[in-house]
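I have a structure I would like to understand better, so I am pasting it below and will then ask my questions one at a time.
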Amino acid sequence: AAEPLKVGFAAEPYPPFASPDAAGKWEGWEVEFMQAICAQAKLDCVITPVAWDGIIPALTSKKIDMIVGSMSITPERLKTIDFSDKYYNTPTGVIGPKSEKFDATPAGLKGKTIGVQVATIHQDYANKYFGSAGATVKEYQTQDEANNDLAAGRLDAVQADAIALDAFLKSDQGKQCCELKGNVKDDPEVLGAGVGVGLRKGDTELKDKVNAAIKAIRANGTYDTFSKKYFDFDIYGG
Amino acid sequence: MTERAEAIAVTNLHKRFGALEVLKGISLTAYEGDVIAIIGGSGSGKSTFLRCINMLEVPSEGSVAIRGEPIAMKQDGLGGLAPSDRRQVQRLRSRLGMVFQSFNLWQHMTIIQNVIEAPVHVLGVSKAEAVARGEALLRRVGLFEKRDAYPAFLSGGQQQRAAIARALAIQPHAMLFDEPTSALDPELVGEVLGVIGDLAKEKRTMLLVTHEMKFARNVANHIVFLAHGVIEEQGPPEQIFGAPKSERLKKFIHSSH
Amino acid sequence: MSAGEKAAEPDSLVELPPEESTVEATALTRLPSGRGFLKPHRVVLMAIAASIVFCAVWFLRWDWLPDYAGRLAHGVGVTLLMLFGTCLLGFVLAVPIGLVQVTGPWPLKLLAKGFCTIIRGTPLLLQLWLLYYGLGSLFPQFPAIRQSFLWPVLREAWPYGVAALTMSFAAYEGEVMRGAFAGVPKGELEAARAYGMSRWKVFRRIWLPRAVHRALPTLNGETVLQLKSTPLVATITVIDVYAVVSKIRQVTYLTYEPLLLLALIYLCLTALLVLAFRYFENKIPTRSA
Amino acid sequence: MAADPASMIDWGLLALDPPGWGGVLLAGLMSSIKIAIGGYSLGLVLGTGGAFGKLYGGPVTKDLLEIYTTVVRAVPELVLILLLYYAGTDLLNRLAASLGYGTVDISGLAAGIFVIGVVQGAYATEVMRGAILAVPPGQIEAARAFGMSPLLALRRVTLPAMLPHALPGLSNLWLITTKDTALLAVVGFSELTLVTRQAAGSTKAYMLFFCAAGVLYLALTLVSNLVIRLIEARARRGWAAR
Amino acid sequence: MTERAEAIAVTNLHKRFGALEVLKGISLTAYEGDVIAIIGGSGSGKSTFLRCINMLEVPSEGSVAIRGEPIAMKQDGLGGLAPSDRRQVQRLRSRLGMVFQSFNLWQHMTIIQNVIEAPVHVLGVSKAEAVARGEALLRRVGLFEKRDAYPAFLSGGQQQRAAIARALAIQPHAMLFDEPTSALDPELVGEVLGVIGDLAKEKRTMLLVTHEMKFARNVANHIVFLAHGVIEEQGPPEQIFGAPKSERLKKFIHSSH
């Protein structure tokens, strides 16, 4: 097609996956991932930043054609949009202030306030395991805000995907205050499916191309090449 | 009186507001040069009558003719009348100089702009000519030096004189005054009555609703006494004020000191 | 805009416009009244509306609704609590802010004016963030605060939301009250003084009630604006009805259905507010043409 | 956050050229102003039409306008923008498709202006309606009495006479518009608030950028106030001093 | 006259607004039962004089005593005067019934609430008693059935009568009227003048600024003619209207028909 494919990114920065610099250039792991699959599938892709709030309607009303936005695949969402196969799946970690000692277990988090990003698998997980065990789960619109509140002492812990947490712990702010308390016990039912490319329902042609491209870059090593620049472990997960 | 041309002829005018019949069949002819004062108690329909003449209120029945030209009316489908030719109404209005109780000068224009507005934008007079004539009129009502002031900065009396100049600027066939002094402080009434008195002396056709009996008596050549929507009595001032016949008129004259 | 408002404008040849016609523009008091409501064209309009509603119910997905009904109700509660709390507090602040601008000594006048200008000149969202992420994250650096009894409150999000919304309401309403205080005819105040009332009594018995009454339609509009501002607290983790709806959208990725529901909820809340205000306004009738 | 916030302020982040974000913020401000001007102008047009429709229109026009102004003023702008923007383009696309045209792509700018315009139009309708009502009826009656046609009376008397009444409301609306542009972030438009969030999120210098944006908004307001005052002085020339 | 007690005594009253000296030394004593009409051209300082009596304007010089009690004044540091005891002023005001040209009824209260406001909240009368007295007063001015209406719904004449009832409700030592009829339509003037005339017949102490010469003549026992801030002439009505001495007064009486 002559029309370039518009790839939606959440306009809010989400390092190290995707964030714009002052010149307006997007960088991060997901940007490279997107470029890799587009190159693989011989698609002409342009990045279209859309605020998170409007990203789904943007997809359904064809303002963008796919979303590369660290979106976890859930059955509930599958009723509305389609997903490609997963392209990464990371362990889930819990961080907390250095001054307090506890584990990332329901017992360890009892009575603590734990921050999660709203409507993520982490929220579901935290509610299921920690909320029921006496922790307060607080919802944030963005991961950044949760991290900030942890640094500000308004939270005792933050649960999120280990990579995002790792990036935070490496930042100036995170270095000073906080440390990893450990990864949570896996529950494939809640944390299971991993992250996929968001697609319009019925856009099977594109879905097939993307799936094929993901398989291909996994197979030919491209995936690992650019992943190494960002992570020192296997982000694809088991 | 009969040798003069008809300026305004009203025949069998009725006006209803809903169920209330305010005018109940009024006929009145003003010939060129007539000065007719309309008097009557509050609510007797004086303003309504005046406003029917230039169709600010549309009569429910009857007809109005200006200089022999009847205003074309049609049924409006609701049992009332409506002017059938808006252009005709606008044309006739553009030669009737109306002066309101509350002046109604346009507040966003200076006095001279008020005066030349209708000549320039309605009658199509050139601006230079309109200004020249307007200034002459303002000088005449004693407001030349206020020409570039805005109405809000003038006293009530000055505003009313400006309104009179505005009405004169269209070189009206007839002037209609609706209680031109009753919104004024007592001290300011005189200056406006003076100007109107001068106009009367020039034999301009004028219809004048007023509460100032003394003034009406001095200035008008014909007095019409309206009561409850009909002309209760009319005639020359000496007769109306000197020898009123109807009981109502007697009482009215008595009460208005 | 109620015409009666202007009936008593002070002695000036021209009628001055109401001080705050904008906010008048937001006053929703003029909703159609019950009497003479049903006219033929209205029946047609309502039929069209009904069919639209029917389409919406029929063709869109509403299966998620029962799961969230409880949380939605709770969210509405939080929204209303935020609304009434901040409006009341804001109004209490707005009265002195408006008053000192009319009669106060110049330093206070300047202070009030500056407060209004700054608050009205910057987006509420920024103020909220500055308070919560800025000021709020400074607090924990002082052990004194961290150890104090205030900390459990200060570490919550709602106090910041309440503070930001209150200040915003106070600033906008302060301007309104300034106009309302200034608009009370001087003669009525003078009459009060002439009957021997002390300054405080003049204020309490005449000036304030009269100004509030004048400001009611505007106040109504401001309250509706405040209702529409409350969703911003969702960005600082206060779960109001808007946050619940965004969550539904995030979980289900549905585009329109939750938004339509939200619009409906806000319409209903607005209608309730309008009715409430109308009740108060009608307590003292003003003459309107 | 560090123990000593003052030492943490890195003014270099505000530099005009990358890697400083100053240029980006200014560009965001310009976009905001652009959208505000566009949306506001559309709002004025809609408002004028709406006001006259509400005052002089037929019963159906009046009712529809009432619904328009009521709904728009009761529902949060964010919701309206999402609904209008996406549902609107959705419908448009379906319409275009059913008529045999391809999908139309509406630029964020055009859509943003449209949406802000529709929202502002509702408020402007009420401002103008109030202003027209505030013109003493005698002024308009005098125009009629001098033979002006309705259109001429509108142009020469009603509009200029209502202007002073409408100005305070309209200038307030302008200030609201400049801040409402922030809502267009959700449709992916890079206005000031969104770039502020991006800058803050990327650099973690939240306070610095929030304050910077606050200052920019405030400056816009203050400059607007100056201009408004000039316009008002002109429009009120015929008014006795207070 | 001398056997009666002094109700209001004004001595050498001066009032300056900036550079403009509006009152230039006025002395006047009203004894109990006096009805004093103050007349004069516009801007002559009548309102200012009346307002100085109850300190709505603070005099620049001179003194005012109510029922023999002088209002305590002090220098205000700017070369002017100021009341030194606010409570005293409030107490004295609470027994002076002022009626304004523009009524100044409190719009957010019903008529009866207006009437009982000062008795209840200033004088401390019980509400039941105030209502009973208030209703009697309203009946007296012919407004009993309007008792629960809001002022905006009353005609000007009715509003002014309500204002008079409000002033009477405080059982005033003296009544001060500032052009009580000049904001009224001519037809409504009569009803208000009627009420004031009745009060005069009861020998209530009244100071009355008015433009209604005929009324002043009939009702007052003493006329004060103010011109340019001084009392140009004063005396009983027959003398003032029948045999005016000063040129200014002659002209004034002549001009006000």
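As written, the chains take the letters A, B, C, D and E, and residue 1 is the first residue of each chain.
Here is the rule we go by: a contact is a pair of C-beta atoms (placed from the backbone, for glycine too) under 8 Å apart; a residue touches a chain by one contact, two chains touch by 3 or more.
On a predicted model such as this, the values are computed, not experimentally measured, just so you know.
Participant: Through how few touching steps can chain C be joined to chain D?
Facilitator: So the least number of steps between the two chains is 1.
Participant: From the Cα centroids, identify the chain that ends up most central relative to all protein Cα atoms.
Facilitator: Chain C is the most central one.
Participant: By raw count of C-beta pairs in contact, what's the busiest chain pair here?
Facilitator: Ranked by contacting C-beta pairs, first place goes to C-D.
Participant: Tell me which chain's centre, taken as the mean of its C-alpha atoms, is farthest from chain E.
Facilitator: Measuring from the centre of chain E, the most distant chain centre belongs to A.
Participant: What is the chain whose Cα centre is as far as it gets from that of chain B?
Facilitator: Greatest centre separation from chain B goes to chain A.
Participant: Just how far, in Å, is the C-alpha centre of chain D from the one of chain B?
Facilitator: 47
Participant: In whole angstrom, how far does the Cα centroid of chain B sit from the Cα centroid of chain C?
Facilitator: The separation of the two C-alpha centroids amounts to 51 Å.
Participant: Express in whole angstrom the distance between the two chain centres, defined as the mean CA positions of chain A and chain D.
Facilitator: That gives a centre separation of 36 Å.
Participant: Could you give the separation in Å between the centres of chain A and chain B, each centre being the mean of its C-alpha atoms?
Facilitator: 82
Participant: Show the residues in chain B shared as contacts by 2 or more other chains, in ascending order.
Facilitator: Answer for chain B, listing residues that touch two or more other chains: 107, 151-152.
Participant: Taking each residue of chain C in turn, which ones touch at least two of the other chains?
Facilitator: Chain C, residues with two or more chain partners: 13-14, 133, 137, 255-256.
Participant: In chain A, which residues are in touch with two or more of the other chains?
Facilitator: Within chain A, residues 53, 57, 60-61, 148, 151-152 contact more than one other chain.
Participant: Mind pulling up the chain D residues that touch chain B in the complex?
Facilitator: 136, 138-139, 141-149, 152, 156-157, 160-161, 163-164, 235, 237-240
Participant: Going by the contact rule at the top, pick out the chain E residues touching chain C in the complex.
Facilitator: Going by the criterion above, the answer is residues 54, 56, 86, 89-96, 98, 100, 102-108, 117-118, 121-122, 150, 152-153, 170.
Participant: Along chain A, where are the residues that touch chain C in the complex?
Facilitator: Contact set of chain A toward chain C: 53, 56-57, 60-61, 74, 76-77, 79-81, 118-120, 138-141, 145, 148-149, 151-154.
Participant: Using the touch rule from the top, collect the residues of chain C that touch chain D in their complex.
Facilitator: Residue positions touching the partner: 1, 3, 6, 12-28, 31-32, 39, 41-42, 45, 117-118, 120-123, 125-127, 129-130, 133-134, 137-138, 141, 224, 228, 231, 242, 255-256, 259-260, 262-263, 266-267, 270-271.
Participant: For the complex, give me every residue of chain C touching chain A.
Facilitator: 61, 133, 136-137, 139-140, 146, 155-157, 234-237, 239, 243, 246-247, 249-256
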